[in-house]
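The letters A, B, C and D name the chains in turn, as written, and every chain counts its residues from 1.
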Amino acid sequence: MKRWIISLFTFLSGFFYILEFVLPSHTHMGKALQEAKPHVGEAIMVIAAFAVGLGVIGVCRHHLRKLFLRQKGWHNSLALLLSMFGMALFKIWEKYDPPELATRLHDLLFLDLYNQLTITVFSLLAFYVASAAYRAFRVRSVDAGLMMITALVVMLGQIPLGDRLAEWLRLPWTLTEARLWIMSVINMAGQRVILLGAYVGSLAFGIRVLLGLNRDTILEKDG
Amino acid sequence: MTDAPIQVLLLFLVLSVSLLLFIYLARRGQRIELRRIAGLESMDEAVGRATELGRPVLFTTGLEPLNSVTTLAAIAALTRVCRVCAKYNTRLIVTLAEADVYTLVKDACQQICAEEGKPELYREEDIYFLSTMQFSYASGTAGIMQREQVGAAFFFGAFAAESLILSEAGNQIGAIQVAATTSSYQIPFFVASCDYTLIGEELFASSAYLTRDPSQLGSLLGQDLAKIAILILVVAGSTLATLWSVLGPEATWVEALLSGLLGGVLL
Amino acid sequence: METIMVDPFWTRLGLIVGAASTLAMFSFLWKENAVYRFFEHVFVGLGMGYTVAVTWTDVLKPHWWDKRIWVGAADELLAREEMGLWDPALWRGTGEILPLWGFLGIVGMFWYFQLSQRRAWLSRIVIGILMGSGAGLIFRRIYGLFFTQDGQVTKSFLPLLLPADSANVVRQWDLTLGALTACLILIYGVFHLRRVRQGIELPKRIEITTTASLCLGLALGTFLLSRGLVIAWNNGLIVLTLICVLCYFLFWEGGRRNRLSIGAATLGRWLLMISFGATFGSTVMARFSLLINRAQYLLEQCLNLS
Amino acid sequence: MKPNQPRWIYMAVALSVTLPFLAKIKMTMPISEPVQKAFDVVEKLAEENEGRERKKLALLVADWEPATMAEIHPQVLALIHHFMSRQIPFAILGFRPTGPGLAQDLAHSAAREWNAEYGVAWCNWGYKTQMDTTIQAMLTSFHTVIREDTQGTPIQDLPMMVGFKDMGDIGLVAEFTGSSGLLQPWVEFVHAELRTPILHGCTGVMESPVYPMLSSGQIQGFMGGLSGAAQYEQLVGKLGKGSEGMAAQSLAHLLVLGLILAANLKEFAAWAAKGTLWKR
């Protein structure tokens, strides 16, 4: 019974968009669906927006428990909760023409603290690429060999030094041209097939979702 | 609203109906044979080699939670590795990044060890739920690989920038590494640093191969048919385009054929 | 919204906070330490707080909370809205609560049943609506991306032979033809050398086919040139790659029985590796640009060395 | 629990990134075709707007997170300078929470320089969820989805939006993102239906999957990573972070190539010694 209700809602929301696409717009039914689409779209947008509270509740529950039980690292949890509510307060306040201090604190929290933190976390990757380049990247098969040679040309084609090198070796093409050729011929065709494979996969998955043919692991557990 | 030409709608109808037909046939027990997936043999060989050296095996399922198709396919591969480890009496370590995946994997491993008749082989403390934060999860897994000196490492599922940290740690301790991911931005790094890499949809094909789930097998055949249809379209379109450019614009029959191919949207 | 003047005190405070957080995160390189974990928790908290706030101010408030009280006749308002004259004052007057607003609110609350064990299936309804609408749009998306006038499949119908005078022929000609003929001659030469060195007598069949294919290739080239046609090497390579990589991604066992499809699939995997090589090259650039930004930030702004 | 990492490689990386800044080398890149096409698309929109009393908008879609800010901000700043120098009014919209906020900050810094006024030269429509159904809704009835800007003022009260009826009044969509799947809906829905030119800017990681849409003409212009930003800065004539980074970028690339070659040569030598290249 539960499974049937879920499949009905899934099917209806999907079939609406399929019908709207298939029926030509000059037919009566097609025009009606087209009129309804913005309101359906806005409703789905609002429903999707409600999901944001779930993440917050999950995080709050976990860290509040750590805080009250004084488990190890409770000060980190306190910092997390304070920065969450502080950021939310300043961002919402910003819309109701806040005093200058609030905008300053919002910029401080968002532009200086949050952005710099995020960039730095990801900039660590440059170090890992370099250490992996020395310790992990080996030509261990034909595949890896082909990939490394192409990567060599593409990387040299990205930097101005590449063209100096091409002139020095008196190659007929500059490395930037060779990079653009690799990118727009072989890489283009390969990525086009990967894109096609992804969309054919989502077509198959979409049809199975609409008709409820998927084995639903979560539901089966308590279904 | 540009309405889609009838040819395209027909193509969609044929592909959808054939997909449902394949799923129906698969459910009715029709045997569907898949091609040899090299990654799966290397999986068994890797566990075998780790057993010879007497070193444990590590499996990790990536960052995404249980509702992602990629994680479900990774768990299917994990059940296979767990069964092979139980058969060879090898210790299996699993590191995870999501709580719901952790609970599912714990029950699955316990059940498999019991099925293989070795319930004592299942050790709860070998299954780690490290952290949902990308880099803590990656450095935690790398640390465990280093400490336990694992013999084989499997990276199945959705990975992001941290794939480097994992494969580099595996390389350091000389472990055989098999990777499978759909995120095509990480495949180059896995190909460069792992012994074998399954590319994109091969992960789903291996999951269908291992679980023999009829809807996955049927859907795989349906997707194959769609790809073959696109292949035929490309070949037909290219030959017609060549004919048109050779015979010049006055060959109207070629132009009629070409525009008939996809409903007047061409050239 | 007036643009706030740049106040030296706040900019300096911002730089100090930014520099401190940058150095704290770099400490992760040395060893995972308490300072890094503290800032990582702050990082997650700020991200969560920002997302919740923006979702409320930009989506839930204008599209749901503001539409709760509805004044006067429904159709008159809808007509005004159709002409694009949506006026918030009209919405916020007195009158009965818009039924749609209540219904949307209740459906929105279904998400939170996920937290209770017994009624978790109710949250599956809302997930179903989102997944269903996404799945329903897949046909329109595939049409829009692949089968429109400049769609991916439509633009894969590439002519393999081009009239000699068409503009971009020369560019393709020297870039790829040189590589291709060089490979052909190389393979034939190595093949021939090995055979002579080992003195083994190759079966006549292989001998004939290799020489014949080489001569046929050259003859075809001269014939086409005389007819004022040129082989479009780039288009040929694109179509070849499309076909081979598509063969590689076929999983049905039937597709791997004859040698041609096995050969196409192997060539497909090699060509795929070349595209991944391109991804590898451009990814390395991306990783370093982040670190270069950090260097710019620390050196120029914090220590103002510029 | 971190594995033993080679500290000398980390030092080499740090040096390769900091030295070029001290030496103040500013490298210029040759302009590649996709960036030139992006510049021409914006110029074409500017000329088209010349003759019109009510100008067509450019839509700046901000779908990036702070993590990819380093590569996306030079691109967006160069484009905003180009918009403001050619008096093309643009609106900011985003399907990632942090995108519009970051784009707002960039527009502010550019507005100070061109003294462009909010509401006349640019405005911010803010963040929306559920991208594909929302774009479908915008295509049929724009005012149902975009009701007010981030400050709460209704859309019709903004001077640049007076008389804005539907998506046909948008002359260019410039989408910037660091994650996958956020460009396709604009190509599949907006370009497929209204033939609106689309310009795309992304990080180096996302560059290679863009080429199929670039070569088929569904995307008219494209800036990839820091080198794309540097080239567009040269075209606009405002050298910024993109060009400064190129010197360090070149050195870093050479370092990585050197490391890869050194490692493989070491392995090759080991193979020559005992003939076991691929056996571990």
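Convention: contacts are C-beta pairs under 8 Å (C-beta built on N, C-alpha and C of every residue); 3 or more make two chains touch, one makes a residue touch a chain.
The model shown is predicted, which means the values in this text are computed figures rather than measured ones.
A count of contacting C-beta pairs for A-D and for B-C identifies A-D as the more extensively joined pair.
Work out the mean CA point of chain A and of chain D, and you get 15 Å between them.
Note: centroid distance chain B to chain C, computed from Cα atoms, is 18 Å. Per-chain Cα centroids separate chain A from chain C by 10 Å.
Multi-chain contact residues of chain C, defined as those touching 2 or more other chains: 28-29, 32, 40, 44, 47, 50-51, 54-55, 57, 59, 63, 130, 133-134, 137, 139-143, 145, 148, 151-154, 156, 239, 242, 246, 249, 269, 272-273, 275-280, 282-285, 287-288, 290-291, 293-294.
Across the assembly, chain B contributes 1-2, 4, 67, 135, 139, 161, 168, 172, 184-185, 188-189, 191-192, 200-201, 227, 230 as residues in contact with two or more other chains.
Across the assembly, chain D contributes 1-2, 5, 10, 13, 17, 67, 69-70, 101, 128-130, 133, 136, 141, 144, 150-152, 192-193, 205, 207-209, 212, 215, 225, 227, 249, 252-253, 256 as residues in contact with two or more other chains.
If you sketch which chains touch which, every chain touches every other chain without exception.
Note for the complex: chain D touches chain B at residues 1-4, 180, 192-193, 205-206, 209, 280.
By the touch criterion given at the top, residues 4, 7, 10, 13-15, 17-18, 21-22, 25-26, 28-29, 37-57, 59-60, 63-64, 100, 104, 107-109, 111-112, 114-115, 117, 120-121, 124-126, 128-143, 145-146, 152-153, 156, 174-176, 178, 234, 237-239, 241-242, 245-246, 249, 269-282, 284-285, 287-288, 290-291, 293-294, 297 of chain C touch chain A in their complex. Those residues of chain C that touch chain D in the shared complex are 1, 3, 29, 31-32, 47, 50-51, 54-55, 57-59, 62-63, 66, 81-82, 84-88, 130, 133-134, 137, 140-141, 143-145, 148, 150-152, 154-155, 275, 278-279, 282-296, 299-300, 305. Residues 21-22, 24-25, 34, 121-122, 124-125, 128-129, 131-132, 135-138, 140, 143-144, 147-148, 151, 194, 196-198, 200-201, 203-205, 207-208, 211, 213-215, 217-218, 221 of chain A are the ones touching chain B in the complex. Against chain B, in their complex, chain C makes its touches with residues 28, 32, 40, 44, 127, 139-140, 142-143, 147-149, 151, 153-154, 156-163, 229, 235, 239, 242-243, 246-247, 249-256, 269, 272-273, 276-277, 279-280, 283, 287.
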